[in-house]
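There are two complexes below, and they share chain A, which is joined by chain B in the first and by chain C in the second.
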Partner chain A sequence: MRRLWRYQETYVALVIIVLSCAITLLNPNFLTLENLFDLLKSYTFLGILSIGVLFVLISGGIDISFTAVATVAVYTTMYFTLQHGGNTATVLFMSATIGAALGFINAVVIHFFNIPSIITTIATLNIYYGLLTVFSGGTWLYNMPEWFRHFAETNVISLVNPDRVPYGLSVIPLIWFVVIVAAWVILRYTMLGRGIYALGGNLASAQRTGFNILALHLFVYSFMGLLAGIAGVVEVMLAQRVATNSMVGKELDVIAAVVLGGASLTGGVGTLWGTLLGVALVGIIGNGLTLMRISSYWYNVFIGLVIIVSVGVSAYRRKMQRRRKISVEVE
Partner chain B sequence: MKNISKRYVGVQALDRVDFEVAYGEIHCLVGENGSGKSTLIKIISGAVQPDPGGIIEIDGERFHDYHSIDAIRKGIEVIYQDLSLFPNLSVAENIALSEILAAGDRFVNWHAVHEIARRAMARIGVRLPLDELVGEISIADQQLVAICRALTRDVRLVIMDEPTASLTRREVEALFNVVRDLQSKGIATLFVSHKLNEVFQIAERVTVLRDGRNIGCFPARELNDRKLTELMTGKQLEYSRYVPTKLPEQPLFEVQSLSLRGNFRDITFQLRAGEILGITGLLGSGRTELALALFGVNPAQSGEIRIDGRPVRIRSVQDAMRLGIGYVPENRLIQGLVSQQPVSRNIVLTILERLVNRLGIIDHHAMRNTVKHWIDQLSIRVPSPEAPVQTLSGGNQQRVVLAKWIATQPRVLILDGPTIGIDVAAKSAIHDIIRDLARRGLGIIMISDEMPEVYHNCNRVLVMHKGRIIAEFDTARASEDDIQQCINQLS
Partner chain C sequence: MARKNSETIILGVILLAVFGLMWALNGSQFVQFENIQSMAFQLPELGILSLAMMITMLTSGINLSIIASANLSAITAALILTNFVTPDANGIGPTAIAACAVTAGLLVSAIIGLLNGFLIAVVEVSPILATLGTMILVKGASIVLTRGYTLSGLPEPILFIGNGLVAGIPMPMIIFILCAAFMAAVLNHTPLGNYIYMIGSNPIACFFAGVNNTAVLFRTYLISGVYSGIAAMIMMSRFNSAKADYGESYLLMTVLASVLGGVSAAGGFGRVSGLVLALVILQLVSSGLNLLNVNPFLTIAIWGMILILVMVVNYLSARYQETHPR
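Up next, the complex of A and B:
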């Protein structure tokens, strides 16, 4: 039990519980299945991206370019699909592949030129996004195919609320769910996943232990790109249009959610569980403010405060612990 | 191995070295920094290939092309000085990871991970918390984790590179027991160290390297401190005790019943100008904490400090510096130096305000002269004053730290572990500098757990334990053994 207090995750979970209670007291609509389903759907985009970012952070790197990757991937895919046709599977596959390829380029640059990942991905963000703007001229894509709209509106569970309005659990969060399970298996039960932790914990040791650092880098950034491609499709499913400028600029929101969930910017530390909590907290704050009719301008202020409080509390505890460790037993 | 040479660009790291380790033997490899020890280890571990002509034989089998994989197959494991552990992973995983990776498994079976770790720990009879993160356990335990990891495979020769550098005496004892235990299981250990007393304690045979050449291989019984030092340095070093010339009546620096909760209690001592006062004791005895209090980092809560008989208040580092107290910290790289910055800036860091002109701008001419003065004074070997400190050897880095504090013209200089990680010749040069400072009228407090260092360089020695001073020795009357015994009785 005492071990629990060591983890950032515990504090985030507590904040979530307290906030949920507070919001429910002010607006009982918060704690309804309908609201929950709605939340899951709207935060699938952030949720999928956060898992990619988690992998990158654990490996000791950072990726800023993923929103540009998502935009390029889904724009190219939908542009192609609108002309040549396809189905939901081909759209997801194509967007994920393009995303992975762009992530692969990031990895190659980072690994072979040994440029810090933050600089590399700031550069590639500009390159990817700039190229898209040049070739698309900033034109949005509308008139999504009928099958695409139909898929996005599919519910896997359909219910009716007391006011006889039908609602349900959309199929979209299922994509997130699949990603979560895959990420969990990779991180916990494969040598690939343990290698990512090892790489972030101590690069030199990982090399000496015999991990293939190039392979790990390639995987981590390609995986980030792959998830960005999928997240891009999710965003378009929700909005039913492809905008060139709707995603870029949200990088820090995603990174904030992951860091809130206990991942360390110095690498090696971070859990899937924590990242899900981080996303949940961000979602609850956004949703709660809406339900409490507080201006959305306050949203950023709240997110910032929550980050400082929950990361601060666990960091402060660690600092005190360290201080206790070095003191002397005086008789 | 025979006739091993290795030439790096412009440097002959190893010159026709013959070297052998017997089955189940505890063998020590000693030599000063740059003598070729690490190159030899790298060749044995297959990380580096010797120049053509070198012969490597294991179990009588001759290798023409010897690589890491051959070393691993033959059961040779290296534990590097930095231990190569993953602080963010559990003890169990740290132990088992390389084994699983070597087996080529793609998936992790956590039962197997714990099983491998448990088996390795059982081999040397230690118990470590398997689920604890390695970053959260002590350095000594981390060392054991590294040893356990080496034991997951069928190891026959363990090479330990400076394994005791950051261990306390008792932890070193525990480590030696593990090494002896390995020996009883037929596992040989190659111990690389430059702490001479440890070499005698553990080794059966000692191979000495100097300037890339094998000076010889000797039974440990036939060597003593002095002889080994001579072999390593090729010079006759004289060990003399520091005897201060007549001391003034009036103490320079007095501490009366100084206490800080959780750090030290009721500390009283006096220091005269020209004295070198040793403070020793086990790690965690409160020595360093006392030093930090005297220097104003963590000021004491109660008690009195007097300088020239006048009470003074030390509430901050600025206070301490104004009163003429200098402090050379235990970990020079972290606390004492800005390692990417050039030597020159490091030296003048503490005295910048004396080098600024009326406009508050640094007078570069004065700075250059000051830097040159100290580089000459302490004979710091640098390619140029603008070379980054991190490119210097340990001994020269320590001189830079000393220069930095001596430049402030302190009256009291506190040295915490002044020669940690420095090789023998550089050590005695540092000692000479310290003695010279004392002769010029500084009061010096030297904190160290290397008994010969304390004994030979201090005229008085205080022993601290659990935050208190428990004994005082006058080195003119007490012997080195007396002090050592006093410490050994503590637990």
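Up next, the complex of A and C:
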């Protein structure tokens, strides 16, 4: 039990519980299945990206370019699909493949030229996004195919609320669930997952232990790209249009959610569980403000405060721990 | 030392090559006085923001909140200006109010700098997280203050900061040169500058050498904050307005410019002269392509390519020097 207090995840979970209780007291609509289903649907985009970011952070790197990757992947895919047709599976597959390819390029630059990942991905963000805007002329794509709209509106669970308005669990969060399960299996049960933790913990040790650093780099950044491609499709499913500029600029918000969940920017630390809690916290704050009828202008102030307090508390605890260790050595 | 020199030489060569290329593509139009003057108007905003980013990167930190804090200081100043400068100014001249507004704006950015300094130096939050938090918080404050609207219609005296000419030299350029010179003086000729490089190279060794790391980091982020405030005054004056989300694309560009200028992302290395060279290169590319009517988004793609190219060349030249010791 006492071990629990060592993890940032515990604190985030507590904050979520307290916040949920407070919001429910003020507006009982918060704790309804309808609201929960809605939340799941609107945060699928953030949720999928956050898992990719988690992998990169665990491996000791960072990726800034994923919003541009998502935009390029989904734009190219939908442009092609609008002209040649396709179905939901081909759209997801094609977008994920393009995303993975762009992530692969990031990994190659990072690995072979030993350029810090933050710099590489800032550069590729500008390259991917700049080139896309040049080739597309910045025009948005409308008139999504009928089957595409139909898929996005499909519910896997259909219910009727007391006011006889039908609602349900959209099929879109299912994509997120599949990603979560895949990520969980990789991190928990495969050599690949252990390799990613090892790489982030200590590159030199990981190399000497016999992990293939090149393969790990290629996997982590390609996986980030793959998830970005899928997240891009999700965004388009929700909005039913492809915009060139709706995603770029949100990269730091995604990273903030992952970091709230306890992932460390120095690598080697981070759990899937924590990342889900981080996304949940961000979602609940946004949703809660609306339900408590607080103007959405305050959203950033709240998120900012939560981030500062949470990273502040955990940093302060680490500092105190270090102090204790040092004093032991002196004795 | 050899490494630093070779970087400056590489940057110098690129600068000349870009200049030659743009001159060849654009003809004499490129070297006309008007074009050079307009470049001198455009460079300082990104330039001063990059200086604000650079000093934190030297300590192996980063300051993601520079744009947010610039916007909040511009909004503070603009609120004072639009509320107090009226046609029937009672007693106090508009110039005095403009001076107050600028002071208040700089004060706001200094306070944000101190907040960052507190989080990073005292609480020991990693700089990227601390400034990510303050970035979102400060932007939130800007949104709450302005309700997302643009504050515009600023009085005459303030417009001089961004648009005025002194002996043919644009006012923003003069401010930029002063800022760069001050930064170079601090980094190269004061103990503080020395400590900043030392912390960036090895904070623990620096601490055991008797340096007060906390005080140094506090000052670093204070300077960074104030510089973002100075950039804010220029931006506000040039746009004749202030808004919560102006210039957000500048954030990653300042990292790009710093790194292009030889500032190591791991801290400890980098000079103001390198940064200035990098800024001039970026400005030459963007002005030159603009004259050719090239899509501005192609320009940012080319900036990204130049960054990767420079990093690759640096890497290869470092490898070459390792394998061929003189």
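The definition used in the following text is that the second predicted complex is superposed on the first by the 327 of 331 C-alpha atoms of A that agree within 3 Å, B and C clash if a C-alpha of one lies under 4 Å from a C-alpha of the other, contacts with A are read in each partner's own complex, and residues count from 1 in each chain.
Everything that follows uses one rule, which is that a contact is a pair of C-beta atoms (placed from the backbone, for glycine too) under 8 Å apart; a residue touches a chain by one contact, two chains touch by 3 or more.
Not measured: the values here are computed from a predicted model.
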Query = Should A:115 be classified as contacting the first partner (chain B), the second (chain C), both, or neither?
reply = second
- Could you look at A:211 and tell me whether it touches chain B, chain C, both or neither (first, second, both, neither)? first
Of chain B and chain C, the partner touching more residues of chain A is C
| message | I'd like to know which partner A:299 touches here: chain B for first, chain C for second, both or neither. | response | second
Between chain B (first) and chain C (second), which, if any, makes contact with A:249: first, second, both or neither?
second
In the complex, chain A touches chain C at residues 64, 109, 113-116, 118-120, 122-127, 129-131, 133-134, 138, 249, 252-253, 255-256, 259, 265-266, 297-305, 307-308, 311-312, 315-316, 318-319
Touching chain A in the complex, chain B uses residues 80, 82, 84-89, 93, 97-98, 100-102, 105-108, 261-265, 284-286, 289, 466-468
In the complex, the residues of chain C that touch chain A are 64, 119, 123-126, 128-130, 132-141, 143-144, 147-148, 248-249, 252, 255-256, 259, 265-266, 295, 297-305, 307-308, 311-312, 315-316
Note: in the complex, chain A contacts chain B through residues 188-194, 197-198, 200-202, 204-206, 208-211, 268-269, 326-331
